[in-house]
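Pasting a structure here, questions to come.
We call the chains A, B, C and D, going by the order they appear; numbering starts again at 1 in every chain.
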Amino acid sequence: MGLTFQKISKKYGAVVAIKHAEMKIDNGEVRAILGGNGSGKSTLAKVLGGLISKDTGEIIFDGNVIDFKSPKDAKKNHVIMTSQELSLFGNLTVEENICICDIPVKGVFADKKKIKEKSLEILKVMRLENIASKKVEELAPNQQYMVELAKALVQDPKILIIDEITSALYREDVEIVDDIIKNLKKKGCIVLFISHRMAELYAMCDSVTIMKNGETLGTYAMQEKTESELLSLMVGMKVDTTRERKNHQTESRKDIFIKAPHIKIPSYGTEESLEIGRGEIIGVAGLQGHGQTDLIDALYGVFGEIKLEMDENEISIHNSRQAVTRGFAFISGDRERDGTFQERNLAENVAAVKELVKHEKITDTRAILDSFNVKYDNPGQLITALSGGNQQKVVVGRWLSTKPKLLLANDPTKGIDVKARSDLHKEFAKLAGEGSAVIMISSDDDELVNVTSMVECSRVIVMYEGHISAILEGASITRENISAAAMPIEEKTNVDVAERGGLDE
Amino acid sequence: EAEEKTEGFYIGLSNGYWGNTWRAQMVEDFETKAEEYKEQGILSDYMISNTNSDATEQLNQINAMIDSGVDAILIDAVSPTTIKSAVEKAKAKGILVVIANDPAAYEDTICVCGDNYTWQKIQAMWLMEQIEGKGDIVKITGVSGNAADTIREQANDDVLADYPDVNVLTSAPGNWSQTDAQSVMTTFLSSYDNIDAVLEQDVMAEGVIKAYENANKDIPVMTGDYTKSFFTKWAEMEDLNTIGVPYAPGNATVALEVAVRLLQGKEIDESNLVANPMDENMINTIMVAPPYVVTKEAQPDAAWMEGLENTEAISLDEAMELLKDSADTAALDGYMSDEAVDKLFK
Amino acid sequence: MNKVKKLISWNAFPALLLFVIFLGINGIMTGGLSVSFFRSFISTNAGAICVAIGVTATILVAGTDISLGSIVSLVNVVIVTAFEKGFSVPQAATLGLLSALLCGMFNGFIVGVMRINPLLATFATSTAFAGIALWILPYPGGYIDFSFGDWYLGNMFGFIPTPVILIGILVILWILVMKLPMGLHIYALGKDVKKAYASGINVAALRFFVHTFAGLAAGIAGICISANICAGSPTVGSTMSMNSIAAAVIGGVSLNGGIGGIWGGIFGASFLSILISIVVSANLSSVVQSFIQGLILLIGVTVSIAAADKELKTKIKRAIGGKR
Amino acid sequence: MNNISSILMTTSILTLASIGQAAVIISGDSGLDMSVGAIMSMTALFGPMINVGSGVLSFILMIPATLLMGAIVGAINGLGVQVLKVVPLVMTLIMSNVVNGFSIMVTKGQPSVMVGKELQGISKTLVGPFRILPTVVIVVLILLEVFFLRKSRYGRKLFLAGNNRNAANLCGINSKKVIVLAYIFGGAMAGFAGLMLVGYAGTAQMNMASSYTMLSIAAVVIGGTKLTGGKGTFIGGALGSLVLVLITNILQALNMAAGLRSLIQGIILIVILMMNSRAPKLRQ
């Protein structure tokens, strides 16, 4: 019994996405699939979910060969896929979205009451009852990911594929997901769990299959391997995950070069101020939707004019162009919407800012791409031919090649594999080392602790309801302190930080 | 019945196409005459609406006129068959309906339209005389499906039926467009080595000439056009053998003249009414013959002038004189005088 | 109060408002609105309204259909020809309706199954359909028994004008479709094809259905127009397609799909029609009429788009002093 | 031979219109210019009216003047689309009504158009079938394709803004400006095409170019440009124009009923679209 993949291969034109992938999963097992960006995880998932066809190989489920011709076909057989790209419709309400794959009917007509009941049942589990009749486009991103999951759960999955929908979730949501998965396990459901966040994998998965370059390298019990062992396997070399503790923040060393006394946070109607020093990495933490994104957007002039003091001059920025000419760089959290030019090639994607806005000639595109370890064929390739992680590196490369003085980054490593993530961290540290500053949001507190430890001068600011609730420096930058500040005392009740902290070395 | 008014009428013109100079001139002629009547007090006011071949829009426009309380509506229909409901509504309210310029057949209406048949017949007869009844000719027609085109082609066919030695090599629609005609003619020129004459209708003559010029071939005898720019060209080209018969924009003005008299309670002498081109059984039509026939030298005694009381044969020079103050694209124009129209009535 | 708010935030509200305002102006200009005004208004414009309903359905799935006008012409030609060949009026009308359905299905096939951009696909089919109409009936002419016109201009069930019933059939049909699971699927498809596919929605079938419905709408429009004119005119619908798209947009239907509804199309088309009456009643000089008409149209579209603009709405709300 | 040159002349005019259309389509956000035909008709009317002293000087002035006229309409289109946020299809459709209405208003429907010898000279022979206009158009086409669309900073920005407006904005590209400029360019090209059309036709009429709107869109799409924006070429549009003109010409040469001809034309178009412009399958 269980689910077996036999020699699955898939090519996209000439690109081999997966070759001879093999895997066996028992009923009730939660299987992690771990691999670098572009290693074929999503492709494998999509083959199973009927979204794409496979070239060769067989998938056997409970003794039967399954070969779905469409997602509809897969859904009929309770093979449900949630996808990285989300499959929600912004113009419909949450409850309609949840039920859209299998709308309850009374006679021939859709049964509105049933739709409501069915979705409320799931949303209750997720503690999201209050959003049921909202339109999806009004939701925060993490809520949308939860709805995506709800949409899958309501279809009563026998096989559930979770492709990176947890990468944008905040800790409290992840815990709900954890409960849900435990519940599914009890029912004998197979869960395929794709994520680049090691902590989640350890917490939720029973076993892990490693993928590399489209091949399955092996399957291990989750607890059998340490994080660095797994990473070495998937990257194919030794990965050092220990952190270099060197942030000795001292007041005297701070060399403030940008002062932003009035940063508007429109979501809360509040205002904050920030002073930014040379060589500094400022991590921005907080629960989702407490104004972190607004903070960064406001600094980039997205909400209209902002007055800053830069190198002792009063300046004002009211659009991206001015920000760019002042040496700002901006990496949005939504790569598809705000980052990539999907119909254009790598060279054009890289040159967008440096050549077209700053009017500096790029002499060697390859050099830039190579310096960020982008996996590509040639600069004339469409960017969509790269995996998500590699696309992200291209976007980062676009900005870092302009040698920005201030880099504003909104969750820049979302959905990026561990190797690429540490590459990017190094780039940020290098940029800071050259005297620029980095302000970076992350939904992953560990990442903030990690990245701020890489430079001498760093801070983590924690936001709560549109205000900066804490500024952590030096040794006080710890995961515990961040969570404490993110959820001020009276609310800090049911989240047990210590227990999950155990996975953190 | 209420006492007949003799003045102070309110009149509307609904024009179904508004995309060319000809129609603009038609509307302008109408306005000029209407202004004149207004000054005389015969009209209290008038309204004009135009649409570009939108049948529904025209119905809305006519309905709006009816609601505005007009005494008579003159309609140049988008298509002869699309205005039934508006005509019915107008009649129900006792509003006089006169079909103007393009024929359309509706009970209890009077139709005052350009005599397409005679107009094309004159040109075809002239062309036959020029080639002495034999030779290979090509034909460029107007917009297929258009009622005027159908009638004109009928005239061509009727004339050609008398000339068995004339061979029509081919025929294609030029859509009354210079460019289309030019491209059609170019195609003809590359398909046929010998073309003795070109039988085209209306405003496409200059396109035909351009096609010949581009091909560097001599222009054979051809039917012509009646715009100032064409006459100018003709006057410059020594060798061009052609004829200009205006299909006059003044047709709608004649309709106005007729409408006013009908409102005044006058009756049309039935001998002046002919069968409606759209419905043979309906004898309600006044055919307005071309005001002029222009040939290089005036030919008042030619065969085609027979029986045309209101038509004047003039020379090219006279035509140029008539047009000296007009725009280049303007048509040689004219309409029946009030006296001539009075003769149509009892 | 809540109902009023809901009405105001309704996509089709600006079009409704525009229509009502212009109707009022028209009433003032022509000295009051009479029952007979409404009757002739509805019988003249039922065709345009039906086409607007049809095109709205296709726009909702992020498509469009510019062949509906040609289908209307074809229906007219089919009805007239069939009648003259000896079929009874109901039979001829049924034939016309069937040919419209076939045309709609053909569009649906090309757009849904063959996956060709709807604008271009229906441009091509509109050329072809118009060609067929002109081929069958090269010249305007022919007639349909006036009983057809009497039926159309008369009432059904004693007091409801026939054109209203005909439009009502389409509206009810669409409302029923919206109550089916398919209704949600249509809005989902309009928002995003790929996601719709991933959600197990049969994209090709939905597109096929929507174009077939649009064909049906054009068929009913063809019946309305044929009954109104009781004659054949092979180009009678040629200008209807583009007008109907403008109507839908004025009615708050997003050309990107997934937003709006058929009421938008209905009010949009009504507004366009009343606009024509006003321009005539104003008795402007004929040379400025079409220019002014275009300008008013532009203003109408801008108003309805501005009304749907979320940013603008929140800005206004903030200005009024609401929180967040 | 002569027929070929006539085909090339018509193709050249359609190509000019399709170049502008392509720029607008590339600019994205379902960009589309439905006012091409109206602009062409307008400049065909007003262009030749310019009359300053010598014919040559007039002709030379006509070019910038028609470019300007088209550009003004394009600017209104662009601003309507970008500032008033009216969907391009509808904005440009309405503008086409406004422009036609404007032409009628100004000329009172009776334009005084005398097309000068110099303007008509565009169809003069250079060598063999090569006439002045097609030759100029080919040169202009290649120059625009290479130096405007591909190499110039503006062209590259146009692709980016057309592909992803948000991303382009965040990169510091002023997409609004870029897109409005595309409409202006589109209008200007249409304006120029109108002048060439009247030069070729020799006389002007109201609405003489109305069929060019859909033809230019079809040409661009047959040439491989997607209506979704962000990619495309001018040269493709030229090839598309050639295909369309050839179809029309061949059908014209065959003697058949108008309805049948239009039916066949529609079917050919459908077949071309099916062979060449199908969207990718949803399932890969």
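Definition applied: a contact is a pair of C-beta atoms (placed from the backbone, for glycine too) under 8 Å apart; a residue touches a chain by one contact, two chains touch by 3 or more.
Each chain and its UniProt protein: A = ABC-type sugar transport system, ATPase component; C = Autoinducer 2 import system permease protein LsrD.
If you're wondering where the values come from, they're calculated on a predicted model, not measured in any experiment.
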| item | value |
| --- | --- |
| Intersection of the contact lists for chain A and chain D | C |
| Contact-richer chain pair (by C-beta pairs counted) among A-C and B-D | B-D |
| Distance from chain C to chain A - Cα centre to Cα centre, in angstrom | 45 |
| Centre distance in Å when chain A and chain B are each reduced to the mean of their C-alpha atoms | 74 |
| Between chain B and chain D, centroid-to-centroid distance (C-alpha), Å | 34 |
| Separation of chain B from chain C, taking each centre as the mean of its C-alpha atoms, in whole Å | 35 |
| Contacts with two or more other chains, residues of chain B listed in rising order | 18, 27, 52, 144-145 |
| For chain A, residues that touch 2 or more chains besides their own | 51, 70 |
| Set of chain D residues in contact with two or more other chains | 100, 104, 108-109, 257-259, 283 |
| Chains touching one another, given as label pairs in label order | A-C, A-D, B-C, B-D, C-D |
| Residues on chain D engaged by chain B in the complex (per definition of touch) | 1-3, 5-6, 10, 100, 104, 107-114, 120, 123, 197, 200-208, 249, 252-253, 255, 257-259 |
| Chain C partner contacts - residues on chain A that touch it in the complex | 51, 70-72, 74-75, 81, 83, 85-92, 96, 100-103, 105, 108-110, 151, 267, 269 |
| Residues of chain D touching chain C in the complex | 30, 32, 34, 80, 84-87, 89-91, 93-95, 97-98, 100-102, 104-105, 108-109, 214, 217-218, 221, 227, 257-267, 269-270, 273-274, 277-283 |
| Residues of chain C touching chain A in the complex | 176, 179-181, 183-185, 187-188, 190-192, 194-202, 258-259, 323-324 |
| Interfacial residue positions of chain D with respect to chain A in the complex | 153, 156-157, 159-160, 163-164, 166-174, 230-231, 283-284 |
